[in-house]
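These are the structures, in C-alpha cells.
Below, chain A partners chain B and then partners chain C, in two separate complexes.
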Partner chain A sequence: MDDSLEQPSYQPHPPKVSFEDNDNENEELSSGDEDEGPDWTKLPTVSRPVIPKRGDKDFEPNADGGSNFQKHVLDRSRNAMLEALRTERNTSSKSISYGIWYPSLARTHVTTARGIHFTNMGHSVARSTSLPSENDTAKVPKRLELLPEEALYLVERGSMFCWKESEGHLGLPGMEGEPMSVQQTFAEMIGTEDLTLEKYQVYAYLKRLGYVVMRTKPPTSAYPAAAPFDKKVPPKQSILAKLFSRIHSVLLGLGRMIFQPKFNWWRPLKHSPLFRFNMNYSSVFRSLRFLPGGHGAPLHVKPLQDSSSSPYEIFYNIYKPSTNLKKSSPPAPDFSVVVINARTTPVPNLVELTNLFDVLPDLPPPVPRQRLAFAEQKKLAQATASSTPAMTSTVTPPSEISTSGPPPKNLSIFNKLFSWILPSSSAQSSPVTRQGRPSQQQRRPNPFAVLKSGKKLVVIAAVDASNISFFAFRQGLFEEFPMV
Partner chain B sequence: MSRNRRGPQGKGGGARRAENNKIYGDALPITFPLSTDYNEDKSLSLLARGFRIGGTILNPNCEVVFDKTTHSAWTFSSRDAMILWRKGFFGKGDLSRSEPSWLSRQINALKAAKKGELTSEEIREKRRAERKQFKIDRAKAIADAAAEAEAAFIEGREANTTFIPSGATWKPQQQNVQNAENVLIVPEEDEESGEAVLEEDEIPQDVEHLQLTLQETFFLSWAVNCLTVHDPTKESPMTLQEIWTSFQAVHCITPSHDHRFDNPFIINYAIYHYYRSLGWIVKGGLKFCVDYLLYKRGPVFQHAEFAIMVIPVYEDPADQENSPFQLENSDPMSWTWLSTINRVNSQVQKTLVLTYITIPAQSRISPTVLSSPACLSHYTIREVVLRRFIPARMRD
Partner chain C sequence: MTDTNAHKIELGVSNNKAYVWDVDDVYLLRAKHHICGVLTGTLPHVSQQNVFLGLPLILLPEEVVLLLEKNLAVIIDDPKAHKQPTPSQLKKWNNARISSVKAQIAQTQGGGEKVDDPKVALKSMSEEAIRKRKEREEKRAIAAAAAKAKAITEGLVIDGVEAGAGANDIQLSSSTSNPIDERSSTPTPSLSPSIDPSTSKTPYTVNIPTDSAPSFEWYSTSESTYTSISEAKKAGIWTYPETLHERAKCGVFNDLWEKGYYMGGGIKFGGDYLVYPGDPMRYHSHFAATVHDSPIEKLRPMEIVSHGRLGTATKKAHLLCGWDDEKSEVSYYSIEWAGFG
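Let's look at the complex of A and B:
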C-alpha cells in the first residue's frame, strides 16, 4: 500500500468537494472513539485532521477487480490520512525549547529549556564558551546539553527548535547560528556519537511509550550513566566458608573414591550394592547427570573475529515510566537494550550472548503469585510504602549494595536479589520483606516461572527497515531445576 | 492429543487423573518395588511375572530390533511396547500419533459399528466437514453483503444490513443434519448392555509396533540398562560397543567420517540425555519447527512446556569447514528464521529455548575418546530462553 502511495502518478490534491462530505461523514464515525493509530489527531491544529475509524478489512477483492464502493472507502481513508499529514504542525512559542547544535561536539546546547522533558533528558557539562587561553582563570560555567538522539527526538515531536552553530552570528544569546529544519536535523545528527538510524528509532519508540532511555556507555565523563554492574555480586564468601567448601569437596571426592568404583563409561547407572536399597527415580536421574550443563561451564569456542567488533553491545539502559529517576545519578536500569540492524546482522552467536550476559546482573527470582484479599493487598501496599524511606539509612550495610548506590525505589529489587543469592543475610537485613510478605520466604517459586524468566536478561531490538522487533534473551538455568 | 489425554478408559475429571497417575506414573521402565512409597498393585504384579527380579530393581528387559534404514529400533511384542510407552513415554506407535493405540482404535470402531455409533475419528471427520461448510457459507454471506453494499452505493441509498454467520451463530444445514442422523439412528437399542461385545475371532491381530529413535534406544540400553537391541543380520544381541558405533555409522557415508565430534547421533543423544537426566520427558518437536519438546510428566498429563531448538556450536571453526555433516542451525542464523520459529511456538503456548551444544575441537580433545560414551563429558550444553519482548506491556 505504501508503494502505491509513493507513485508519482498519485493525485496529491483530491477534489475539494469529496473532502467536505468526507469530513461530515467521519465526524460521526470517529466521535467518542479512542483511535489507536498515531498521534496525529492530538496535534494542536486549527482545523483538526480526522482519521477515519478503523473498520473491517475487505480482504477479498471482487472478481471484477474492486467495486466502486470499495474504491470509495479506500480513497476516503487515504485522503484522510494525507490530509492529516499535510496539516501544518504548530507549536506554541511559549512551550517550545531552543537549542544550538554544535556538529563538532555532537551536542545540542539547550538555551531555553521548557517542559517536563528535561527532568530525564540532557546532562550538564562544564563548557567554556570563551577562548581556550582564558579559561584557566575563572570558574567554567555549566550548561545543559543534549545527545543527538535526545535533540532529534525533541525536534521531531515539535518540542524544540534547533539552530546550527554558525561562526558569523556569535553575540546574541539564544539566536546564534542558522535555523534547522526537521529534515536537516535528521541529516545532521544521525551518524554522530554512534547514533545510527536504527538506534534513533528504538530510542524514539521507547520514549513515546514513556520509558526513560539513557546510554549504557557514557560518551564522555560528563554523561551520568549508571555504574556498570558489579560483576561479583553473588560470591560474598568469607575465607572460612571458602576453606570449608574446599575441605568439603575434597572429602566428597575421597568418599566417592572409596565407596564407588571408578565411573565406568559403559555402565553409567550405578549399581553399587551399598546404595542399592535406597534407589529411586530421583537417585537414578541424579546419577545420570554427568553432562556438563549450564552457563558456568568453560567455553572453549574460538571466536571468529575479535569480540570488540561485535555489533552486540548494550547501547541503552531503559527505566520503566514509573521510575522516579534522578538524572545526575541514574540507578541500575530495568532493562539493557542492544540495537542491531536485522538486515545486516545475524542472530547473536553463543560467544556474543555469553559476552552480553557476562556484564549483566542476576535477575531476582519471579515473585510467586499470591492470592490475597483486596483489603490485605491494600494494607500491604501501605506498609511497604511507609517503611521504604527508612530502609536506606538503617537496613542494608552500604558495603553490600553495589557501588552505584541505588536510591530507595530500587532497594526492594536488590533485596530480592540478595534473598535469592544469600537467603540468610537478606532475612536479617530486610525487615520489610519479612513483615510485609511473610509467606514469601517459605513459598518456592514455580519452577516453570523460574525457567522462563532465566537468570539474566538482555533485550535485543532487531530493526528491520524501521520495523522494530524486541526479543528477550534470557540465560537459562535448566540444570538447576530438575523435574524429578 | 486430547484423545490421549483422556486416557484409555475415557473417564472424566479426577478419576481420569488418578487412573493416568496409576498407569503412567513411573518415570522409567525400571521400577523399585521396595521403595517406601511403592504400593504393589494387581496390574503390576501381573506384568512382573515376566520380569527378572534382581535386587530391588525391577528390570523389564525389553527387546527391540535395530532398523538401519529408518534410523530407528522396533519392538516386536506388545508387552514391550506398552511398558516402554507407559513408563517414561518412549517411542511412538507406527500406526498412531504417539501411544500405540491402533488395536484399541480398531476394536472401538468395530464395537461402534455394531452399535451404530460414530467412532471418535468419524466424529472428527464430521466436525471438519461442518467447519468447511461454515467457511463456505460465511464467505458467501460476506460476498452477498459486499454486493448489497455496492448496489446501495450506486443507487445512493443506505445498505441493508445482512447477516454474516459466526462460529457461534452458524448451524449445520438441514442436509448435513440428516446425513448425521442417518448414521446416528440406532437400529435397535440394546437395552440390556451398553457395551457391544466382540467375538474372539472378530478381534484383529495387532500389527502395530512401537518405534524408538536411536537416542531413545541408546538411552534405554546404555543409561537405563533395560533394553536389548538385536541386529537383524546377526544371531546374538548387539553389545553396547556395537550399538554405539553402528548408531553413529548410520550418519556416515564413508568410513572416513568415523570418529567425529559432530556426528549427529552423538549431538542429539547428548541433548536427549541431558534433558532426560533432568527428569523431563523428551519427545520430537518436528511439528513445531524445533528439535525436541519437553514435557514435565508426559503427553498424557500436560502439554509440552518448552520447545528446544538445538544449535550446535563448533569450538573450532576449522572442524565445521571440513565436516561431512550439514548440521542444522550451526551457521549464523537470520532474524527471519528465529522469528518464524518463535511465532510458531508462542502460538501454541510453548516457550522457545535455544539449546547451544559445544562441539569439542579435534585439536583440543583427541578423537580417540569417541570410541566410548566417555566423550559425552566434553560437550557442554547451555540454554537461552527466547521470548518476544513487548515494551508496551512491560511498563508496569
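Let's look at the complex of A and C:
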C-alpha cells in the first residue's frame, strides 16, 4: 500500500502540549456515511491529534472467508486497533492532577489541580473534614470537588490519578488512598449522583469535542449550575397601564360586537357588509382561522403519566468552547441536552415536549445572513471574537434574548394610547405576535429561516447501546408567519 | 473453573452494563467470536476526538446473553471484585510504584550525566531560565505597583483604567490561589523527602492503570463470577432479557450470529441491528434488521415504505425478523425497492 498517501500531510494546527489541545483541534467530522466505521490503520501512532480520513470498505468477503488480500487488510486494521487500545495512560508527574474519590459523597476531592480542565470543571465545597489538618480553624475550609462524570472523564483521558478514600490512615508515602484503575472508576462512579452510563457517554462525547458541559439541575446547593430560565412573566405594569389595557380590551370587545358579528360556522368570513372595502387576503385568512393556534394555546391532551417521572428531563447545559465561562456563576447555556436510553424510552410525546419547551427560553430569530466575501467574514469573526465571543454566534446567549424578548416596557402612555386607537397593527394579533420585536418592523427576517430554526430548541441525545444520536427538537412558530 | 475451553472472557458487569477491559479479549471476541461490541472510552493519546475510541468495550446486552449461553464468557460483578486491599498489598503496590519512579528519575539523571554536555547544559539552561523568569516577574510586579501608585497620584484621570487593572488583579489572584490552597490544605501524610518521589524536581511518568486485574493484587474475580444468565439474574446484577421483545431480540441475534454474521447497532438506519457479512471494520453491512416479537405481527404499510426507502438509499436491504417465541425460531423477510421505475 502507498503509505505516503495515507499519512495525512495537512496539519491544521501546529502540535501543542497535550493539555492545551481541547478547544481548537476539533475538526469538522464529516460523517456522511455513518456505516463507514473508522479505519484504525489511519490512526496516527504519534501523539498528534490529527483526524484521518475514513477508510474504504469492501462489499463482502470472498468465498472461504475472504481472499488473502482481504485477510491481510483486515488483520492490518485489527492490529492497528489493538495497538491503539494498548496505549497506556502515561502522564508526566508535572501535569497530572490527583483526586480522592469518596464513595459516600459521590464526589472526588481534587488534591492537586493541574491543567486547563479546572477552569470549567469542578466546584468548591465547604466541607468539614474529619481528617486532622493544620489549619483546622473555626472556618470550614473550601475544597475543589468533582462530580462523578467529571472525575471519570479526567481519569479516562489520563489527566488525573484517582485514589479511593481508605478507612484508617495509610502510613504510606505519597499515597492518599487506595489506587483506582480506569476500570474501577467506571465500575464505581457510574450509578452515583444520577449518572447513568448513557449520561456519561454523552458527557464524554461532548467534552471530547471541547464543549463545556455542566449539570442543569444542581445536585447540591454548592454546585454552581446556571440559573433556570426565567419563566415567561408578563412585564410588570403600572396601575395606569393596567387600567388602560382593561379599557382597551373592553373597547376591543365592543368593537368586535359592533363590527364583527358572532362567529357563524356556515359563514366564517366575519366581514360585515359595511366594511367590505376592507377585505383583502390577509383579513380573509385571518378570519378563517377560527381554531386557536400556536403554542400559547393550552394542550387538550391529558398527560398519561405525571411529568415528574418522564425520562425527558434536561440534564446537561452545554456551552460552546469559545465561551469565556466563569465556572462559579455560569451563564445561561447555549444548548440544553436531554439524555435518554433509546432502548427503553419511546419518542417524546406532545406533553413531554411541551413540558420541555415550557422551561426553555425563546431564541431570537436567526440573523439574516449578510453577503460578505469569505475573507471579510473571517476578519469580522476574528475582530468580534476577540472582543465579545458571543456576537458572532448564530444562537445568541439568552442574556441577550431576554433583553430583546419581552416587549419594551417603558413605552410612554401616549404610545400605548396610539397603539390601541389604531388597532389594525397590534390588536388583531394580540395573542399571536405578543412579542413586539422592534427589529421586525425594520427588517422582517426571512420567514423560512425563522420557521426552520424555530423559537425554542432542545437537544435530545438518544443513546442506544453506546451509539449516541443527537436530535434537535425545535418548537416552530407557523402562526406568526402566515404565507399571505 | 470447569470449562473445557482454555479461556473464558471475563465481562465486568456494573449497573447492568457489561465491559471488556482486556485488549486480548477484545481481539478474541472480534476475530473468533464475531462479537464487536462498541468501544466507548477515550483514547488517551488522541483524547479530543470521537472517531477513534478506546477501552472499555461495551457489549450489547444481546451479545452478553449469547456469550454466556455459548459458554464463552462469564459475568463478573465488577464492583464486588474490587476488594478492599490489605495494608500489605497496598504497601507492596506503593513500593513498586516508588521504585519505578526512582528508576525513571535515575535514568533521566544518569542519562544526563552520561551524555555530559547537552543535557547538563540544558539543565543549567533551564535553571537559568527559571531564574530569569523570576526576575522578569519581579520587575513586572514592581512596574505594575509603580503604575498603580502613579495612577493613584494622578487621581481621577486614569481612574477607570486603574479600577480595571485592580479587578484584573483580583480575578487573577482568585483563580490562581484556589488550586494552591487546595494543595496546601490537604494533609500530605508524613512525607520524608528522601523516599517520596513526588517532591523530586525531575519529572517522571505517572501511569494510570487501565484494567484492574494485572495491576492490583486485590482484584479478585473468584467470588463474584457467574457462569450463566440465570445465576447472574438471581444475584441481582443482570436483568436482560426480561420482556418478550428482549427475548425476541436475543433470539434473532443468536440466530444471525450462528449463520456467521457480525451484528452492530442499527439505530442510525432505523433497525435494531446492522448485519455484516464480515468484520464491520472491513465490510459494509448488507441488511438493517428489525426484530418483531411474532412472525404474524402486524406491520403498517408506512413502516414497509420507510424501511424500504431507507434501506435502498443506504444500499442495504431491510430485514424483517419475526421471532416465534414458542418454537424459538426466526423467519426472515427482506424488503427492497423493485426498481421498475
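FYI, the second predicted complex is superposed on the first by the 318 of 484 C-alpha atoms of A that agree within 3 Å, B and C clash if a C-alpha of one lies under 4 Å from a C-alpha of the other, contacts with A are read in each partner's own complex, and residues count from 1 in each chain.
Simple rule for what comes next: a contact is a pair of C-beta atoms (placed from the backbone, for glycine too) under 8 Å apart; a residue touches a chain by one contact, two chains touch by 3 or more.
All values reported here derive from a predicted model rather than from experimental measurement.
> Which partner does A:Glu479 reach: the first (chain B), the second (chain C), both, or neither?
The first partner, chain B, only.
> Should A:Ser104 be classified as contacting the first partner (chain B), the second (chain C), both, or neither?
Neither partner.
> In the superposed arrangement, does A:Ser93 touch chain B (first), chain C (second), both or neither?
second
> Between chain B and chain C, point out the one touching more chain A residues.
Ranking chain B and chain C by residues of chain A touched puts C first.
> Counting only touches as set out at the top, which of chain B and chain C does A:Pro346 meet: first, second, both, neither?
first
> Touch test for A:Ser469: chain B only (first), chain C only (second), both, or neither?
both
> After the superposition on A, what does A:Ser322 contact: first (chain B), second (chain C), both or neither?
Only chain B; A:Ser322 stays clear of chain C.
> Classify the contacts of A:Met81 with the two partner chains as first (chain B alone), second (chain C alone), both, or neither.
second
> Considering only touches as defined above, state whether A:Leu209 meets chain B (first), chain C (second), both or neither.
In the superposition, A:Leu209 contacts both chain B and chain C.
> If you lay the two complexes on top of each other, which residues of chain A touch chain B in one and chain C in the other?
After superposing on chain A, chain A residues 58, 60, 70, 205, 209-210, 342, 462, 464, 469 contact both chain B and chain C.
> Okay, in this complex, where on chain B does chain A touch?
It is residues 26-28, 30, 32, 34-35, 55-57, 139, 142-143, 146, 149-150, 152-154, 222-225, 240-241, 270, 273-280, 296-297, 305-306, 311, 313-317, 332-335, 337-339, 342, 351, 353, 356, 358, 360-361, 364, 372-374, 376-377, 379-392, 394-396 of chain B that touch chain A.
> Note which residues of chain C are touching chain A in the complex, please.
Contact set of chain C toward chain A: 12, 14-15, 17, 19, 21, 23, 26-27, 30-31, 38-52, 54-56, 58, 60-61, 78-79, 82, 84-85, 87, 90-91, 93-94, 97-98, 101, 175, 178-179, 181-183, 185-192, 195-198, 200, 203-212, 215-216, 265, 267-269, 274, 277-286, 314.
> Touching chain C in the complex: which residues of chain A?
18, 21-22, 25-27, 29, 33-40, 43-44, 47, 49, 51, 54, 57-61, 65-66, 70, 73-74, 77-78, 81-82, 84-94, 96, 109-114, 118-119, 124, 131-135, 141-144, 153, 155-158, 160-162, 166, 169-176, 178-179, 181-184, 186-188, 190-191, 196-197, 201, 204-205, 208-210, 342, 462, 464-467, 469
> Which residues of chain A touch chain B in their complex?
The touching residues are 58, 60, 62, 67-70, 72, 205-206, 209-211, 265-269, 273, 276-277, 279-282, 284-285, 288-295, 297-302, 304, 318, 320-322, 335, 342, 345-347, 349-350, 353, 448, 451-454, 459, 462, 464, 469-479, 481-484.
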